[in-house]
């Protein structure tokens, strides 16, 4: 089924990560909606979303920037939001709000990193497992320029009626029906990411879970830069390189590579169960 | 059930980690007992223990210190002890001793770290899965002073008669009934850890398994210092911060944070199956 | 069963890792064969192999070396090969070739590390799960001399007819029958690795999966050097040490230790399910 075609009207989620806007104050509105999305070729699924898509909108800024998020619940049940990028008492900003309510969540980004956000309402296993997650990228001050930047948020897919006994049982067993990058199983196998030979490409990766991490790998490429959870592990000039970025649930980071020649380079979570069941895509590299 | 109340006579395990005593020789007696403990709200379980509690006693010292452990088997079956903090031939000190026997296990702490210890008797899956684990903390020489230190040892809970076919089957399947910090599912949700606004808090974390690691996270807080398996990954002055400390089974380390305001900050293993099933608690932060 | 004896004619896989040959061009032939091997005490299993054994042949060189691999398919179905040590477009060198065909896969090792290679043919879960994996070691330029070097490639074992519904179901469930070092469950429990007291021993570890990583530990020993995915995490002179090397699927690295006294030191994947089911062996240390 994952090798079937996506529907004609399917639009791939744009994985390009735009640079941080040139300002230090960010104002964002995030509306919860419960909707339906094509989450695998020909498979539509009811999802709970931040802003109508899975993952939710990407926020990006620099250390010291202030984010003012207007969070609105246009759904049918209580939801909340938890930004790992923030350092604050959860009590008020992360509280559950009812349908029709809104709250303002204001935070200053104290630390660089690739931070998860997700619904803060219990049971979080279900809220995250039904699509309520996203990423906030806070650039390290020394972040070197690259030619392209992508963001891949890895998540899990549990088919069926959200909150049904059957769906929840699979969540509780840690047995997703599929693993997804940016919300779609094998989505970027149908709509490959692109770059040119010799370009330096940075791929930000965030593992949203709710129950599995990732071992992110690009077939044919080596990572000469690895940044994980706020720290550089490998840098450009080093003799060593990495084949996989290992992230536990709720961790994030980035890798960099330069694709050496034209061709088609698969990327995967190298846990082969995850890859076979959706955690895969392609880079199409041209001259 | 995990949201029920603990029994009236339940006493939370003190998670405060006292400083290393001001001496270089440590003498400790550890007695194995098989007993019964409240391991989740209203749930009593037969456990095999080092010293009557799960986890066993915490040892703490400095690099170069010598530990002399008198290990006594007051149980009904063979047990042994394996200190990862020691560097020595396992043959004698880690041997299984019979009920009523004792042995002396002497070691010099050659290296800093957050080290697991556990029963050394086969099948270790069962001995660890029934409660036989603990931690030895050996301070790095440059360990900076902080305002509070806590230790959380993460483990697993398998309900039922220890060693019964049914319990062992769940161990072999890697399917615990719950995940625990310091032996109790959601224990620190009922007896929160505490700190004051602006204090620097260091949390040592050790993943005892026997089958799962952890992705340790504090909701609302960011880690500006991360030490894992003998190495600093993030330090105070760095631009980057971490949202989760990933430990595989039998790894340890610490994180540091400064809680920015009063409130209630949950902590979890961010694998949401683990969190939902017991791997959670709270920090209560006051002015 | 894992404590039974290996057959009389069983020959342990030599885990000694020879130094990189003193040349910069490496020519290697790797022939796929489908054969039968003793993969656990008294248990023979049909496997798909690179060169007749599991794991396949070890390649070792230095940064900048060029490898010319003649890859020949002497099997009965299509196979391919994917070297993580290479940086190149996968399209041609990693393509599936039919029985009787051959291809030449040429690459320059740009980066140091402990790199996985594996069959590139779909479904890779099955090709890796049936034995098609191995390691390429590219020495970092500053690699210090040691007294002994070993290589342990961790994999999984799925018994039964390769590709049968029953075997594939266990792969898809991520439920191996056993975990193996260098292809054999508990093999080095029957044929221990050796070293002398005071020698510095480097153990390279590669996690081939296809579905589980490792938390590699040696009972009684501490790692004073840890190199993971191209980066040193702990080095000889550091105050800190490590008890376990955590590798996600498709990661690699090495650890170093000096065994302090004569004796028998078990090594394990400290996930106790994995250890109990084959991921274990011994070092026999003599004066």
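First chain written, first letter: the chains are A, B and C, and each begins at residue 1.
The definition used in the following text is that contacts are C-beta pairs under 8 Å (C-beta built on N, C-alpha and C of every residue); 3 or more make two chains touch, one makes a residue touch a chain.
On a predicted model such as this, the values are computed, not experimentally measured, just so you know.
If you draw each protein chain as a dot and join the dots that touch, every dot ends up joined to every other dot.
In this entry, chain A maps onto chain C through a rotation of 120 degrees when their C-alpha atoms are superposed, rounded to the nearest 5. Centroid to centroid, with C-alpha atoms defining each point, chain A and chain B lie 31 Å apart.
Multi-chain contact residues of chain A, defined as those touching 2 or more other chains: 213, 246. Residues of chain B that touch chain C in their complex: 63, 82, 84, 86-91, 94, 110-113, 115-116, 120, 123-125, 128-129, 140-142, 171-172, 174, 209-213, 227, 229-231, 246-252. Chain C meets chain B in the complex at residues 213-215, 217, 219-224, 226, 233-234, 238-244, 246, 259-266, 270-273, 275-276, 285.
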